[in-house]
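Note that chain A is present in both complexes that follow, paired respectively with chain B and with chain C.
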Partner chain A sequence: MPAIESRPVAAEAAATGSASGRTGGPAGAPRRPLAPRPRFSRAHLREWAWGYAMIAPLFVGLVLFYLWPIVQSAYFSFTEWGAFGGQEWVGFKNYSAFMSDPQLPRAAWNTVKYALIILAGIPISIVFAALLNQVHGKYATLYRILYFLPVVSMPAAVAMVWRWLYNGDYGLINYLLSLVGIHGPHWVSDGRYTVYALGVVGIWSSLGYNMIIFAAGLKNIPRQYYEASSLDGAGRVRQFFSVTLPLLSPSIFFVSVLSVIGGLQMFDLVLMMLGKTNPALADSKTIAYLFYEDAFITNNQGLAAAIAVVLTLVLLALTALQFRLQKRWVHYG
Partner chain B sequence: MGDAGSGSTLIRQRLWPVHVILAVGAAAMVTPFLWQLITSLQSTSESTSVPPHFLPSWKWGNYSQVFHDTPFADQFWNSVVQTVVRVLAQVLFCSMAAYAFARLKFPGRNALFLLMLAVLMVPSQVYLLPQYQLVQNLGLLNTLSGVVLPGLFSAFGTFMLRQFFLSLPNEVEEAARLDGAGTFRIFWSVMLPLAKPGLISMGVLTVLWSWNDLLWPLVVVNNDTKMPLTVGLATLQGEHLTEYPLLMAGSLLASLPMILLFLAAQRRITEGIALTGTK
Partner chain C sequence: MFRKVLVLTGAGALALAATGCSSSKSGSSSAGKTESGPVTLSYGIWDAKQKPAMQQMADAFHAAHPDITIDIQVTPNADYWTKLQTAAASGTAPDVFWMNGPRVGLYAGQKQLLSLSDKPGFDNTPFPKALNDVYTLDGKQYAMPKDFDTVGLWYNKKLFDAAGVKYPDATWTWQNVIDAAQKLNDPGKGVWGIASPDWTQENLFNTMLQAGGSAISADKKKSGFDDPKSLAGLQYALDFVTKYKVSPTAQQMTDTQPDQLFASGKVAMFTDGDYDLPEYKGAAGLDADVAPLPAGPDGKKATVINGLGNVIYAKTKHPEAAWEWVKYLGSKEANEIQAKTGTVIPAYNGLSAEWVASAPQYHLQVFIDQLNDAVPYPVSKNTAAWSKPMQDTLDQIWGGKLDLQTGAKQIADQMNAALAKE
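The block that comes next holds the complex of A and B.
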């Protein structure tokens, strides 16, 4: 311990030495490092001990179930698993198998489309948040509750309900379409429509969440900006684009980062709305679905680990890119 | 939006288009739930009639049939246990670690904090397989303990509570320290009570996440009576593919606890979420 302890003391002494030499210390005192102050004493050590003790339960769990598994997955992605356990190092074989998987282009494109559809939900939620902020009292509470209900509902249950709404023969949606003369398709069993059908559910599920974030962001915009711009003769639409949007950009940034992360991991809806035997499944798989199949159905764990690693790298790269680009369009304060 | 205060009638006149749009949107948001409720109270043949029946025929029997045909009660109980245990553990573990990260000084604190944030940066697919193996090695596949275990620890909850502890004033803590209270005493009887709003927000978000969690229980359990409702619904759907009233009754029952929780803690939940968006 003393070796670690002496370093901050020395640094402290070096930093404060000159000042205390002039003001605090008695004139002509020998220039030696100051005696350790009480906070590096036993009380200080006790604080360290408490610090470690209080994070220990969490970190035991995090290391066992999250941190070490990240390392393991990275390692697994370079191995192949024998039928009776035991792994063999195979280099980049899993990665090249993934890259040459005939399902990959379709799954990647579905994943991107799905993320884009979720992003397209952002303008809708901004408009509704702006409208919601104009309403007060019990109506505001009622609207907030109704728009937020899908967010708290179990996704597995939501998927079942939408699957029923989308039903090609008896579904409510196709019935409503038939009223205006449109013969609706089998939304969730025809591969041409599934991604869009699921995308609509994705927007519906996240609209309430996004609205809450945007409504909070809108409340933080100072009134004076609107007063100033209406003195300058700006109309409401003009105000929305020149005041609201720029000042809301931090919230927009936050929601788009989350949307991209969530959209690219799209899995629950594919599984629950299509089901494992759906003829449209082959056309509707996402990257996360490929991972699930390889990891837990076809037991191709090395390949699954490689997919997880690639997915992580893509997510990190996209998030980093978004953080870089934000300088161009996000205005803080 | 800047012209409030220029006379309430004027505002009301201007607000009616706003109400119309919001009401139409709200109707679109709620229709799936209403349709779920209506179908759940019809017979199978009514639900598949063309054109559709728009009124329920009050077949409450569908709800009891869900309990009769599937181990719904077991699964409901599993979801409750899974959620309660995870919330209690997370509140305890996360608040302790969050307090240490926010208020105590110890070597390596920042590095450990960054390490924890790394968990938040990677998608769940990365740790899923090794978690599965670990649970398998512990002999906990197909058990409720296996389902619950990884969710006892949360980097997100710790991060959220740390932000909350950072926003609390220092004075109370200092006063308690001068009175001779030890670190854990201060944490337990001074800081935790002060952090109650943060703990409740975090707890409610954990309840929501845990109740609705699908992927992990899906891979860990395949025994009907050991699985939570999320996986149970997937099974129900597989077995009663076209009995829509039954499926709607089951899915409504599964969602209901969270809807009730939301109605009860509406303000707390929306404020908690707004908080995560502004930090």
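The block that comes next holds the complex of A and C.
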């Protein structure tokens, strides 16, 4: 990009953009001066005590409601439960039962498909965030509220309304399709369509949250970069790809990590939009749904714990992988 | 960085937290008090609409037994069983609580309930035999019947009049239903002759019985799904959808439930329990009535009977007081209170007149008269272990993914495997 490098401000932007190849910090960065050896004075101790006191409420809650259940579940995953308590150590039996479950491949594939659909919603969120940033004046707040409303709506109510919309015989969607001569399918009771139908609802309900993150990210991009690049003759498209996208990448990264975690945990929509006697249910189950069935319908708590442990490990691995890969494409301006 | 990963994955831990969480405190609030002093019994129920009636009984009982106070605890049905099971596991379930047929085997089999047959003054003769049988395990009865429900053939009078078809009555057989459904079916107007979903209590368990088969053998050890007669019952119900095409498809009945289709006048006939009476009573423009279920090809009449019962928790600290309360709940006086409120059919024989009179526009007596043909709702010690795979497979058959022969065989195999483990 020689055309841009002649101007100092643009060069700065370009530098941020081209740092992608390097993994280390800037070559000329000064080394951090060595700290003096810590002395455990009373003042230090008091400072630490205050620090721990400050984080204690959150920390205790986290240990009690997150970490301890994780430890317990990991233990339970090696046990078999009687209907009314009493656990028996069974080793890896639950894990082998889960791995040989004939429903697993289909459920795993559905889960991946659903996560991919949610990820596909990210570009849509970016577009909407960019458009929302163009709106000024009294309507800006109105639009923001409208788009954020799905995020704070009750999932059960959301599922119910979408069920009506998707109704094969009397739904609004199929009515609109019939106006243009298309005979719409049974979106939420035909196994060929359910994953996509649910995916659309997933995108719709996460759009508002993602947009807020992206809108904040967009606002953080200094205007001078756009001014400088347009002086250099960059068009809007070029600006989007050379300025906006690289500088928005931390937000994109954050949203995609959350989307993968959320997508792979897909459960509530399957339960609430499909219901229990649905011919499409067998084709639409996700891993988290299998967990629910074992934990709360057939009361096989040990097996359910094993599923939860496997799901957590997969999420952990995928998130760690994303953090590794981010070095290749995320630019912290 | 690893810490960040941990925090983000914390969301994943929610699933884990769900299995990890254990006992919720509920139940006997009067620990430490002796049997002779004043006692408070906790009474677990799941229907808030019935609480006033239950409270009325509790007050009447307290007047007669000033030493015993009843504390009614309502848990919505959606959470009732999950909460009850965790509470029972930690020894804190209510002293007395509501029980139903599909669960009684599990609770009684795992020694969570006191046998009522051993109690002084226990008398189950005022209740329908089929209902007593639902709660009887290895010769001992564990629940005092509270109310019951049977299934009838609901029909839309307007649609019958328009098609010039005679209303269903007690003489009807399967063939009458098939003929009528074909005459009533009118795709041009969006009207179906009948709704025949893969629902078991409302449809399939009954048709299997009418054909001379059953869902489960009398000794509760073998599945009845591989019995050719049961198969004929399933075939009859499925034919409405696939052969005669006079019923909405499984997909259509998933998108819009058959009871909603019936309530909105899209379906001329639907076999349904008495418990949907409030829905049909309140449906605008619906002019409906109800007839007995039709007889099978050999003239056999049958409906499953289900309902609720009152049980005593095995670990209650006040077994005597709890028995007094349950005995009262099974008395004529208590059942009369229940009959007057009109929400459910009281289990006590001869007290259904008030309930029948609560909606004179319907022949509700049908549900009572069918007691003669009533068969206990099919249950075993661990009903949930086979009822879920059964429903899953039925969904596949109704959805057209599996043929009936293969599917029924599959259900029988899964069910037999589950029953063998009991």
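Note that the second predicted complex is superposed on the first by the 265 of 333 C-alpha atoms of A that agree within 3 Å, B and C clash if a C-alpha of one lies under 4 Å from a C-alpha of the other, contacts with A are read in each partner's own complex, and residues count from 1 in each chain.
Everything that follows uses one rule, which is that contacts are C-beta pairs under 8 Å (C-beta built on N, C-alpha and C of every residue); 3 or more make two chains touch, one makes a residue touch a chain.
Everything quoted here is computed from the prediction, not taken from an experiment.
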Next item on the list: Determine, for the superposed arrangement built on chain A, whether chain B and chain C clash or fit.
Entry: clash
Next item on the list: Answer with first, second, both or neither: which of chain B and chain C does A:D190 touch in the superposed model?
Entry: second
Margin query: Under the stated touch criterion, which partner chain does A:I212 make contact with: chain B (first), chain C (second), both, or neither?
Written below: first
Note to self: Contact-wise, after the overlay, does A:M272 reach chain B, chain C, both or neither (first, second, both, neither)?
What the structure shows: first
Margin query: According to the stated criteria, A:G61 is in contact with first (chain B), second (chain C), both, or neither; which is it?
Written below: first
Checklist line | Of chain C and chain B, partner touching more chain A residues | finding: B
Notebook entry, point to check: First (chain B), second (chain C), both or neither: which does A:E80 touch?
Noted result: neither
Check: Does the superposition put A:N299 against chain B (first), chain C (second), both, or neither?
Finding: second
Note to self: Applying the document's definition of touch, where does A:D101 land relative to chain B and chain C: first, second, both, or neither?
What the structure shows: neither
Checklist line | From 58-66, 76-84, 202-210 or 364-372, the chain C stretch with C-alpha clashes against chain B | finding: 76-84
Next item on the list: Using the superposition described at the top, list the residues of chain A that contact chain B and also contact chain C.
Entry: 62, 65-70, 72-73, 76, 163, 167, 169-170, 261, 265, 275-276, 288, 291, 295-296, 301, 304-305, 308-309, 311-312, 315-316, 319
Next item on the list: Could you pull out which chain C residues touch chain A in their complex?
Entry: 1-2, 4-5, 8-21, 82, 85, 88-90, 106, 110, 112, 197-199, 250-252, 254-256, 382, 384-385, 388, 391-392, 394-396, 398-401
Next item on the list: Name, in rising order, each residue of chain B that touches chain A in their complex.
Entry: 1-3, 15, 18-19, 21-22, 25-26, 28-33, 35-36, 39, 47-52, 92-94, 96-97, 99-101, 104-107, 109, 112, 115-116, 118-119, 121-134, 149-150, 152-153, 155, 158, 183-184, 187, 208, 211-212, 214-215, 218-219, 229-231, 233-234, 237-238, 244, 247-248, 250-252, 254-255, 258-259, 261-263, 266, 269-270, 273-274, 277-278
Check: Can you list the residues on chain A that touch chain B in the complex?
Finding: 4, 46-48, 50-52, 54-55, 57-59, 61-62, 64-70, 72-73, 76, 128, 130-135, 139, 141-150, 152-158, 160-165, 167, 169-170, 172, 175, 204, 207-209, 212-213, 215-217, 220, 223, 226-227, 229-230, 236, 239, 244, 251, 254-255, 261, 264-265, 267-268, 271-272, 275-276, 288, 291-292, 295-296, 301, 304-305, 307-309, 311-312, 315-316, 319
Item checked: chain A to chain C touching residues, read off their complex -> 62, 65-70, 72-74, 76, 82-85, 163, 166-171, 186, 188-191, 257-258, 261-262, 265, 274-282, 288, 291, 293, 295-299, 301, 304-305, 308-309, 311-312, 315-316, 319-320, 323
